[in-house]
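Order of writing sets the chain letters: A, B, C, D and E. Residues in each chain are counted from 1.
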Amino acid sequence: EEISVTQWGQSLYGAPFAVGMDKGLFKKAGIDITGIIGSAGGGTTVRNILASATPYGEVALPAALAAAAQGGLDLIIVNVGTHTVAESSLVTMPNSDIKTIDDLVGKKVAITSPKSSSEMIFLMELKAKGIDPAKITRVAAGGYPPALTMLEQGAVSAAGLIEPLSIIRKDRYRTVLAAKDVLPPMTTSVGITTREFAKAHPDKLKAIIAGRRAAVEAIYANPGEAAAVLQKMWNFDPAVAKVAVDNMIGPKMWSLGDFDRAELERTVDGLRLIGEVKGEIDWSKLIDQSFLPADLQRKL
Amino acid sequence: MRKAGDFLILIVALLAVWQVLHMIAGDTTLTSPADTFAKLGALMRTGQFWANVAETGQAFALALVISIIGGVGIGTLLGLNRTSGTVSEPILISLYSLPKVTLYPLVLLCFGLGMSAKVAFGAMHGLIPVALFTMKAIMHIKPVYLRTARALRLSPGQVAATIALPAVLPEVMAGARLGFSLSLLGVLIGEMFASKRGLGFMINSAMGLGDIATIMAVAVFLSVFAVAANALLLVIDRAIPR
Amino acid sequence: MTREGWIRLLIVAAAIAALEALCRTGLIHRTVLLAPSEMVVSLWHILQVGELNDDILSTLRNVLLSAAIASVLGFALGAVIHALPRVRHAVEPLLASYYAIPTFMFYPIFIVVFGVGTQAIIAIAVLLSIVAMITATLTGLDRIPPVLRKTARVFRMSPAKRAVMVDLPAAAPYLFTGVKLTFAYSLIGVIASEFILSGAGIGYAIAYAYNNFNNPRMYGLMLLVIIVAVAANTALDAVDRRLQARLRR
Amino acid sequence: MSRAAVAPKYPSAMPAPEVHARLTGVTRIYGAGTSGTKLHALGPVDLTLERGEFFSVVGPSGCGKSTLLDVLAGLAVPTDGTVEFEGKAIRGVPDGVGVVFQEDASFAWLTVRDNVAFGLRRAGVDAAEIARRVDYAIGFMGLRDFANAYPSQLSGGMRQRVCIARTLVLQPRLILLDEPFGALDQQTRLLMGDELLRLWRETGATVLLITHALDEAAMLSDRVGVMSARPGVFIDFVATGWPRERDSRIVSDAHFGAITARLWEKLRAESLKSLGSAP
Amino acid sequence: MSRAAVAPKYPSAMPAPEVHARLTGVTRIYGAGTSGTKLHALGPVDLTLERGEFFSVVGPSGCGKSTLLDVLAGLAVPTDGTVEFEGKAIRGVPDGVGVVFQEDASFAWLTVRDNVAFGLRRAGVDAAEIARRVDYAIGFMGLRDFANAYPSQLSGGMRQRVCIARTLVLQPRLILLDEPFGALDQQTRLLMGDELLRLWRETGATVLLITHALDEAAMLSDRVGVMSARPGVFIDFVATGWPRERDSRIVSDAHFGAITARLWEKLRAESLKSLGSAP
């Protein structure tokens, strides 16, 4: 069966699926996952999930919320994928006189696009540091590489960046702020499915979630091996794969699948900052914990 | 022979411009021709690259077949009758000049992500020019040909096979060449916006990683393919007597 | 309007009505396609709220700018290439296969050359559309009957005078066809770049709405693009036809 | 409508008259059935072609000559009147009628040989017979060196010869030619006329030739029909009285000048009329 | 190269001869300077045009007639030989020479009136004078009803008349016409010839007319030059001996037939030659 994972092959979100498939952990849990449908991320992934035969996939939480709120789609969140923004950072040129995030007041900063996660994280960082966002001009670059180009050309004073790009180019920029230093854990990606599929195939869902959990545990147990799998499956440069996985072990990027109300709300707070969410989210309608292993189910 | 020589000089000149741009812009923004070809060589030794090529190639081939068969069919039907031709021409031209990329979400909604969406999107680009050219060709078959057919007392089937078809072939070929280019473009744009495999996806991931060498290598690969295939079509085209 | 014009209007109206019916009866689900009437309402709403007006205006401005640049530059390049037959022979196969090369791949390079933002997008659109103008210029200059040049000599005109008073008007219909194509391709180029690459403009707004399941906004904007493309195309086509009828023989 | 107003200088060599085709009261009005503007293009025309006759039609531009040919070939239905060929009213193009059109109708995608063989192949003639007839026709029309060339490699006049050959191989009993030499200059035209005369003599077919060139008509025909400006009707028939064995040298004959002058006189008034009208 | 081999029937009405233009030993070889294939298109040609003469050139297709005109107009430099106009060797198009080309050279983007005024405006003639001359020329050429039409709305023959008018208004002393009536059928052609004769008489200009049509040449000219197949040289000059006051009615004259026959005889051999060669 094929399932969908956001940013497959481009970021580390999908690492558990890669490891799980490689080590046969899904088969052990009772489901044969033959392939992953990757995609640009966001709403595209959600739409893909809904269109596929096995409508389960891991997507960014904002995309899931938007789909549920705006699209009127009948979907539920069944597990948590990742819960950190530790791969994000804010960089500047090595010789720049920007030393801390406070130096950015009155300057320009490149984000990928309006209302993107890069903008959200940046605003959350400002909030955490108590800086008025109105005092910093945000410039949409259209993507991370163009943002870096703007930085190099002096069009902006700093730019948002994520791994693994930041690892690949780490010699060329100086990190002003690493998100993991200011932002506490928050839910970034979740597993979703349709209510209909959940009713029809609860066992399949349980198997996927269980397999993924086993894979996450395997990563934490042996990061080196996980890096080797990524290198093989995604063509990552060995050094980059190693550093990327190691960087995420500390902040515990991959969740076993359990929900945490505070982490969910942090992300929603961020979405409020960029105006994507207004009002409260009724989690009870969205989340169904019944497919999680019993030890991971808890009251929200 | 001088023509071939001139073409060679042009290629060398383009490479030289590229090299100069590279020296101005630096390695991270534009890899040198040498590095790009090295990268392309390395890519071409990996199975994954060829899997992407196969994916794009399959989508493109299907889109092209649909474009040509569908385009010729639609063009013929519309062109057979003066009124239907005159009525549909501006509609077709409008469709042709539409930025079809805006409709891609609709295609995705209808076909889901995957091969069928890519094929549909490629065919959307390629079908209209083929249909337009075919229709115009059918409408503009010299009337004296049809009168000759009547004077020779041919059956409608004979007219279609021995006169109408060969008469429109040159225009249909011209349409097919444009259809070829645009189907490929359509498939690639589709893959760049939303896809899991294929060269467009490869370009898009490379863009995400700022991997200019891969972008340029794929660009070179596609350019050489497009130019070579078009040259071949041109040769066939020129071989058709008119 | 001609009989064909009425039939055309009827067909388009019927197609829209059929779509409306399919959507209203639920045969096409709301999550897939909105009824045309809802698209109109949504577009009206978008324009009234004005939140996207800047995007819309910047897109249109970019399209006009790139069409203008591509027309002028394409004409100049076409004229130069026309004057150098050997260059022309070498370049022609490239021009013929040009549209198979996805110009968008070169975006990262353009960013370096032109900086981020509108310039790079305009550059892509120009790159996409300029070939149409070059080709049209070559055709136009080719089609000037030699006898007109001879006539200019009989009137003992200077080459400059001849270029302005004979060559240009004689090639005008072809050049205008080039301008028309330039506009179409600029529109395609600008919106597609925004769609795939950029963080602003109508194209970006559509992709964004798609990602956020904002179907009303997505379809409203799609409708806007279609209206702009069809209106511009129809207008340019009308001028084109009149020029052709008058000037071609 | 007097016949043979110019006294024949040579005794007529025509066989005993036998009607081969006959038009009676034929008119043709374009757009007659529709509500749009009508255009009375031809007639009423009465015309009898005798078997084996060489008949030419001259008349001002746009007077309906091609329309007359269409009607006679069964390509157009007369608005009024009847058309008969070999004793039967015609419906569609009858067997035994060959047409060479005013426009170049050579098939651009076929070689000269395939062009000429086209009609025979459609008719299912066997291959050896096709080869024989095609070779003969190609030789006859002076196209031997170009048998494998495509029409685009030929001059306009040669293409027209291809069309003539394509029609000839079918051995029609009535040959209709619509300005077949329009693409040629006058000198070459007259020489091609010699070929046409030879052909006519050899096949014994009935020929109707439409032409602009008065001297062509005067030299080639047994009889010339002069048409008025549109709607075309015959305003005169001029019998030339040439012997069957004739060629272009007769243009230096004084009688030729007399025929031309007679034709010219008749046409002058008509031409002035049609010149005065719109483009 | 005998002159006036056909005895003039009317006394010549030409003024005392005065040389207006002269070609001496002119040849033209295309591609002469380059390494590519050379094509000997014309000559060597000797020709003297007398002031006020109406001279026609006939010759097989492709024999170099247009090339001759180009050389005489200063549009092409002869590979060999000299060209003189009004006593001076020419370089470029000399003042006082008007040309009407074989191809339609009307400016499609200008109305008939603006087309005709084009040359005058370039020459800086004042507006009132332009209006006067243009009106006259338009009327003369029978284009009054179409003064504000564009060429695309006119027939081929009418466009050619626009070009003639555009040349005439400049009042050239030497008018070169390259098959100006090629687009017309023969009847209309002869009528246009009448206009041309009237024009020639009224302006007193020297006219060189290139034509395919032998009767046109025979009817219009004081003298006809017959050219050989390519490379074209003059193989005969035929003086017609018509009076200056003449029109198309002379075609019914027996002398006209004699001139035509003479021209035809000379061309027959040449035509046969050029017909045998490639397309």
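Heads up, the rule we're going with is that a residue touches a chain if its C-beta (ideal position, glycine included) is under 8 Å from a C-beta of that chain, and two chains touch if they have at least 3 such contacts.
Which chain is which protein? Per UniProt: B = ABC transporter permease subunit; C = ABC transporter permease; D, E = ABC transporter ATP-binding protein.
Small disclaimer: the values here were computed from a predicted structure and weren't measured.
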item: Chain-contact steps, minimal, separating chain E from chain A; value: 2
item: Chain pair, most C-beta pairs within the contact cut-off; value: B-C
item: Identity of the chain that, by mean CA position, is farthest from chain D; value: A
item: Distance from the mean Cα position of chain D to that of chain C, given in whole angstrom; value: 52
item: Mean-CA-position distance for chain D and chain B (Å); value: 49
item: Separation of mean Cα positions, chain B and chain A [Å, integer]; value: 37
item: Multi-chain contact residues (two or more partners), chain B; value: 29, 108-109, 193, 204, 207, 210
item: Interface hub residues of chain E, defined as touching at least two other chains; value: none
item: Residues of chain A whose C-beta touches two or more other chains; value: 44, 143, 145, 149
item: Touching pairs - complete list by chain label; value: A-B, A-C, B-C, B-D, C-E, D-E
item: Chain C residues within the chain A interface of the complex; value: 30-31, 108, 111-112, 115-116, 197-200, 204, 208, 210-215
item: Chain E to chain D touching residues, read off their complex; value: 60-61, 146, 153-155, 158, 184-188, 190-191, 212-215, 248, 251-252, 254, 256-258, 260-261, 264-265, 267-268, 270-272, 274-275, 279
item: Footprint of chain B on chain D - complex, ascending; value: 73, 75, 92-93, 95, 97-99, 101-105, 107-111, 118-119, 122, 150-152, 170
item: Of all residues in chain C, those that touch chain E in their complex; value: 145, 147-148, 150-151, 153-157, 161, 166, 169-170, 172, 245-249
item: Sites on chain B touched by chain C in the complex; value: 2-3, 6-7, 9-10, 21, 25, 29-30, 83, 86-88, 90-91, 93-94, 96-106, 108-110, 177-178, 180-182, 184-185, 188-189, 192-193, 200, 203-204, 207, 210, 212, 215, 218-219, 222-223, 225-227, 229-231, 234
